[in-house]
């Protein structure tokens, strides 16, 4: 089979799936070795780059997903008649951070760190598809645990949680300029 | 004054306010001088009250906690105070880390400007086709049953030791008294115990009033019949209460 | 604006919409004259053709839609079907086992034994044709009962339900009467 054709098979699968597709699945469905997949994906990306396409392949954990470049967002919003989403509040960012670095976590864990009730914020982050439920913890009360979503990775340009910014040094003294978000 | 109120509203919670005070007065977060931090904190709370801002329960709880740490530190053996102080410092360090990390993360946010597709809808035969050994079912059943019997053993008696002995903390009653005062301005002393059933609750409330008096937050009237706030709040609340 | 960029705007809108998009909408969202749209779409098609991409633009009445070429259908089917025929999760196995040994059973019986909501799993087992509805029970609320299918027997190499592995001690087993729903 031609290399071009293999690339296009990957493209077809990614396009049709919409959701992120794991490397194993791409390998199985296209009849290609798993090791070859990243190379083919790279060539697909290059192809989009060369033709100045609006599409990109993004990597999320062990999966690939087809998406549009962010510079086309306004045109797409016009067409889909969706509003630009309001920027995240600093409170929302705090909650996301706590979940991202400690997941799965419960609401009360979040509240303990922030020192304020955070229920409303957690719910609105779930609505925004940035957080999701991750089952219940096996502790008394069986509280619901939360984790970040693939959409969270996409929105923060991360390909996996390992990509999260390294936490600042614990020993440093805080200064207010730094902590005002 | 308008500028000040804007400033007050922007605090996410008591920890946020404390971090602000620590940074503003260049205090060492790893060894907080509780007394001066408490003073500054109460100043802000008073300002909020003066501007008739609704003071969230969390802010009052933190006030109670700080007062408690201060009071305990006056006791002959300061270990408890040291432990509570370390705990608070730990939370503050953790929260400040969280804020820093949130700022770092925020820089990466692209506001949902990347679009993806919804999956293609095609007719799909979902029939499961993998083949398993039937003994998997046996293993699974054993485990599922285990869970069930474990649940079964959780009876009322498992909780008895937790439920039967109700200890009321002084800190919670400091909060209770402060809340009453913020609402009514002046409170009759015998009225405050009226709805209390347990001995532990009464004792804790009594101790709370003593602590608050000792730290100069509240004043007991000359005939020992009612309590009110010390300082500027007092007059204002009196007026409000009479209206 | 560069021509390349205009083509990519059209591409981005078609990609994100999924559904067919009318010429007027494309024109409005991209800020291009309606007459120009067909020309831009043609250029997008040519671009796909040249790079041997799996994508094509199809015209439906007064609309355009992005799709995959038909020769990739089998690969896509492979990929989307494997999504569903991944090995059973341990939770799914648990539900299946509970039904197998106690059928017909209701969802609330399953949930009672597992201690967690199992609705989603039951539904996905029905989709996989491992469970099916077995009428309603004649108890208050008339809940739906479930049983295993012939496909279930096939997947676990059983000739009939009598073939199920014998449980260590039948008397320990919870029966439906004990836990009334």
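By letter and in written order, the chains are A, B and C; residue numbering begins at 1 in each of them.
Keep in mind that, in the parts below, a contact is a pair of C-beta atoms (placed from the backbone, for glycine too) under 8 Å apart; a residue touches a chain by one contact, two chains touch by 3 or more.
The shown structure was predicted, so the numbers you read here are calculated from the model rather than taken from an experiment.
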item	value
Chain occupying the middle, per Cα centroid	A
Chain of greatest Cα-centre distance to chain C	B
Comparison of B-C and A-B (more C-beta pairs in contact)	A-B
Chain A and chain C: spacing of chain centres that average the CA atoms, whole Å	21
Whole-Å gap between the CA centroids of chain A and chain B	32
Centroid spacing, where centroids are CA-atom means, of chain B and chain C in whole angstrom	44
Contacts with two or more other chains, residues of chain A listed in rising order	15-18, 66, 68-69, 72, 76
Junction residues of chain B - those touching two or more other chains	115-120, 122
Sites on chain A touched by chain B in the complex	15-19, 58, 65-70, 72-73, 76, 84-85, 87-88, 90-91, 93-94, 96-98, 100-101, 112-117, 128, 151, 154-158, 164-165, 167-168, 170, 173-176, 178-179, 181
In the complex with chain A, residue positions of chain B that touch it	12-16, 19-20, 22-24, 28-30, 56, 58, 62, 91, 93-106, 108-120, 122
List of chain B residues in touch with chain C within their complex	115-120, 122, 124-138, 140-145, 147-148, 151
Interface residues, chain C side, partner chain A - complex	4-5, 7-9, 11-13, 15-18, 21, 25-26, 28-31, 47, 50-55, 66, 68-69, 72, 75-76, 78-80, 82-83, 115-116
